[in-house]
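Listed after this line are the structures, all set down as structure tokens.
In what follows, chain A forms one complex with chain B and a second complex with chain C.
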Partner chain A sequence: MNTFLQLVLNGLGKGAVYALLALGFVVIFKATEVVNFAHGSLVLIGGYMVYATKDALGWPAAAALGIVSAALAALLIERLLIAHARNADVNSLALLTIGVDVIITEEIVRRLRADIPFIGDPYDAQPLQAAGLTVFRTQLVALIVGIVLITAFFLAFRFSSWGVAMRAQAENREAAALMGIRSSRVTATAWLLAGALAGVAVLFMATQDFSGAGLGRGTHAIALIAFPAAILGGLDSTVGAVVGGLIVGLTEALSAQYVSFEFSKSAVFLVMLLILVIRPSGLFGTRELSRV
Partner chain B sequence: MCADRPRRPGEAVRRVLSVRGLSVRYGRSVRALEEVDLEVGADSVLAVLGGNGAGKSTLLRAVSATLRLHGGGVTAGEIRFRDERLDRLDPAAVVRRGVVAVPEGRQVFARMTVEENLRAGGLGARSASVRSAARERVAELFPVLAERASQRAGLLSGGEQQMLAIGRALMSGPELLLLDEPSLGLAPQMVGRIARIIGEIHAQGTAVVLVEQNATMALEVADHAAVLEVGRIALTGTAEELAASDDVQRLYLGGHAESTERAEAEQAEALAHRPRRSLTRWAG
Partner chain C sequence: MSEVTVTPPETEAPPTPAPRRPRNWLKIAGVTLFLVLLVLFPVFTGTDVAYLKAGQYVLIGVVGAVGLTMLVGQAGQLSLATPFFLLVGAVSYAVLAGDSGDSGDLVGLGLPPVVAAVGAVVICGLVGLAFAPVSGRLRGIYLGVASLSLVFLGLYLGQSLDMLSGGTSTGRPPPTFAIFDFRFANTEPAPTILGVAVQKQQRLWYLFLVLAIGAYLLARGAVRSRIGRAWRAVRDNEAAATAMGVHVTRVKAGAFTISSAYAGLAGVMTALWLDLVKPDENEFVGTYSITVAIGYLAMVIIGGLGSIPGAVAGAVLVNGLPQLLTLGATEFGWFADARFGGPSPVLISAFVYGVAVVLVVMFEPGGLAAIGRRLAHVRAARPTRGGDRG
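What follows is the complex of A and B.
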């Protein structure tokens, strides 16, 4: 029983990180209808900035810088590449982001050379023991940070003017434009936010607790798990992204323990396939409807 | 000329909207408007009549700068609101100048609540005071929207959705309201209600361009009217003049034509034998 509780807590901690990634992914998709395959490279940019500056600036400042860098990188991709191709097909734009992803990832891996640094200094590799449970501190901090950020996001999405504009534009671009909503501003903030969330996520991903793998190709591979999280939740649903993230985290943690570590990655995709067979638009996704 | 009504100086015979030589195309070849000239007075309701495909919606899209979202563009001419060119602005900038359109088919945000729809409409307001004044006005005009504030807009009836669409557009406090077929698909009783509301909005000092196929309703509400035929202005005049004209009587106020083919033939014939006495053709 204790093992199970431990697994659930750790799984939820991982799930919170996936949820942050998937949420950014969904926000971009809702604002621009572009599937952003460069999400993994945003994660690496944030992580790399932390690694490069934490000795000089100290961890907290480096972490902040990493988050800001990932956010600005996302904004830059949107302004330079996506905004200028407004009439382009969304599928071509998705392919464009794959190109961006390859370039950024290869450059960062090249800069890291043989290094695969861990960047979760304040909490990494210091498990907590309480009431017979052993919990990774990284996952616990991730869970708390995830809950705070996700709650803040949903409050803003539901109640702020930004949220109203964002939802209006996602639902009907033309009607939103006729309301005086500046579509380029909505789109830019969506990318900025998604980048910042990726920058937060990497602070937990490149740790011994989370994956045992430091910053590098491994981190990029973990970031790809956000895709099934977003897809099984429903690509256009913010709630779905969070639920999808948690499902993926739990699936990974439980299958690693009860089946095998090697199986845990494919388990995630098996769960995704299973859910898509039953609900083709994901758990919370809106079904494709023909416009009336 | 308008000594009986007090107006602010300088606004006497001001045109809020003037369209000159406007031509619009979709893609390379589809000509939707050809050298259209129109003017809307600061204190008037202009009805734009015409059949399907006459270019009515295109005209409103051109004014509200949303042509690009439909793959269209202005190829010639200009659109001025007061003294400013609108045809080079983006849709949000047009709204900030005080020109707001209610698109065809209402297009409320179906998944958002009535209240959120109104909030979205207020995002284009120039200031918070404009917004709060607009909110009061909308509450007075449409008490039903306050009752349904927390309901999803998609669950409203067609008439209520049309009210929401108009209310949402008023939330940014426009000086000129563009309405695209507000009577479409509504029961006659609701059409009458919408007509009264448009009259009230006008009485409160907002100029209106009303694009309609329902000419009876439009000519009742409007003081001026124009008829669009395949992308060109065919007739203009006061609403009474047009309502009295044989062409308009036959084509838009009479019984329904059995087929569009016949209606088109009739239209062409009527235009060829147009009486010229009371109607001024708009000289381009």
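What follows is the complex of A and C.
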């Protein structure tokens, strides 16, 4: 029972990180209908900035810098590329982000050379023991940070003028524009936010507790696991992203323990396939109805 | 000609050119010259097989990319599963044709290599068909991510089914390919072409060339026929396609199946090219990794989605460039500081194709195929025309 509780706690911690990434996908998708395949490279940019500056600036400042850089990188992708390719259809734009992803990832991997640094200094590899449970501190911090950020996001999404504008635009782009909502600003903030969330997520991903592997191609591959999270929740549902993230985190933690570590990633994808076969638009996604 | 109504006029041409076009002798001469050059390629390279290996790798890319462009460009479905089918094809060939190894811990059926190669392609097609509950129901990006699961599954199965795949540490050697008694290996004496001995690598080059040309012609036939029209109808509007009597689920699953079989053939070729079947150790670097999936997708985007000649051009760029740069590295000492964080062949080619993908989407959604058409002043109306996906 203790093992199980431990697994659930650690799984939820991982799930919170996946939820942050998946939320980024969903926010971008809602604002622009673009699926951002470059999310993994935003993660790498954030992580690399932390790695490059943490010795000089200290960890907190470096972490802040990493988050800001990931956010700015996302903004740059939107402003320089996506905004200028208005006429391309959204599927082509998704392919465009693959090109961006290739470039950024290769460059960061080159800069890292042979290093695969861990960047979670304040909490990494210091497990907590309480009430007979051993919990990875990273996952615990991730869970708390995730809860705070996700709550803040939902409050802003529900009540702030940005959130209203964002939801209006997702509902009907033209009508929103006619109501005086600046679509370019909504879109830009959506990318900025998604980048920042990716920057936060990487602080937990490139740690011993989370993956046992430092920043590198592996981190990029972990970011891909947030894809199933977003998809199984429904690409256009923010609630779905959070639920999806938690499902993915729990699936990974439980299958790694009860089946095998190698199987855990496949398990995540199998769960996604199962859900997609039953509900092709994900758990909370808008179903596309078409009658012929 | 009713199919035309379901497709936007700017992306589609009439399916069959009713009045026979006058033969374009210039084009025929150009194609003939190109084929002659390909046949003579081993003569130019002589005994230096490094260039031949690079060429073979490009031909593998051609087969895979042609298969993928039918799925992505013509049927409008996204797939990142190419590496999975490469792996299934390679392992199936090794299992069907191979023996049980020295220690007898491998599964090998010892079938004739030709039968094994065909069997591997069929197996890949069937696996693709088995994915129908997913591939027939999902659309575009959703299928793309769903297909990514196959790559992870392939990695896991490849690692855990040692008796089939040979395991990650040693792998297993694929049996030498042979057509009846003609073995694709070094022999004494070897036949010669213009004084150059046709040994293993030369023979594989010709084998790959025949396979690639066959794959190309088959794909072109599919795109120009009823099947291709059904794909494009589904891509452009599923509801309209249904109204036209197209069975959408079946067509989507069928496109995935055919594309899988193509990738399976590329997998058999990969096994012969590497002379080794060995599953990857992780999902992000290796012969059957996500990087490869993205590479194949880049080929078909750069070439122009849905264009068969474009896929060939994309394969030349994405698979050829790193090979050429690596050759340059060994022969002229380029990238000497790659180990110390300098640029490497892989890095440079990733930059080139990454930038190419971005530029193509932003400025020329028809890709290299559209640019080529414009340069050659070929008539705008051609059935293989890609255009952006509607």
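Just so it is clear, the second predicted complex is superposed on the first by the 288 of 292 C-alpha atoms of A that agree within 3 Å, B and C clash if a C-alpha of one lies under 4 Å from a C-alpha of the other, contacts with A are read in each partner's own complex, and residues count from 1 in each chain.
The working rule: a contact is a pair of C-beta atoms (placed from the backbone, for glycine too) under 8 Å apart; a residue touches a chain by one contact, two chains touch by 3 or more.
Quick caveat: nothing in here was measured; it's all calculated off a predicted structure.
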Combined model on chain A: chain C and chain B, fit or clash: fit
Chain B versus chain C as contact partner of A:175, first or second or both or neither: first
Between chain B and chain C, more extensive residue contact with chain A: C
Where the C-alpha centre of chain A sits as vertex, the angle toward chain B and chain C in the overlay (nearest 10 degrees): 90
First, second, both or neither for A:256, with chain B first and chain C second: neither
Touched partner set for A:270, first chain B, second chain C, both or neither: second
First (chain B), second (chain C), both or neither touched by A:92: second
Minimum distance between Cα atoms of chain B and chain C in the superposition (Å): 12
Chain B/chain C common contact set on chain A: none
In the complex, chain A residues that touch chain B: 161, 164-165, 167-168, 171-183
For the chain C and chain A complex, residues of the former touching the latter: 76, 78, 133-134, 137-142, 145-146, 148-149, 152-153, 155-156, 159-160, 238-239, 242-243, 282-285, 290, 294, 297-298, 301, 340-341, 343-344, 346-347, 350-351, 353-358, 361-362, 365, 388-390
Of chain A, residues touching chain C in the complex: 35, 81, 84-85, 88-89, 91-96, 98-103, 106-107, 110-111, 113, 217-218, 220-221, 224, 227-228, 231, 235, 262-263, 265-266, 268-270, 272-273, 276-277, 280-281, 290-292
Contact set on chain B toward chain A in their complex: 64, 66, 69, 90-92, 95-96, 100-103, 107-112, 116, 119-121, 123-125, 168-169, 172
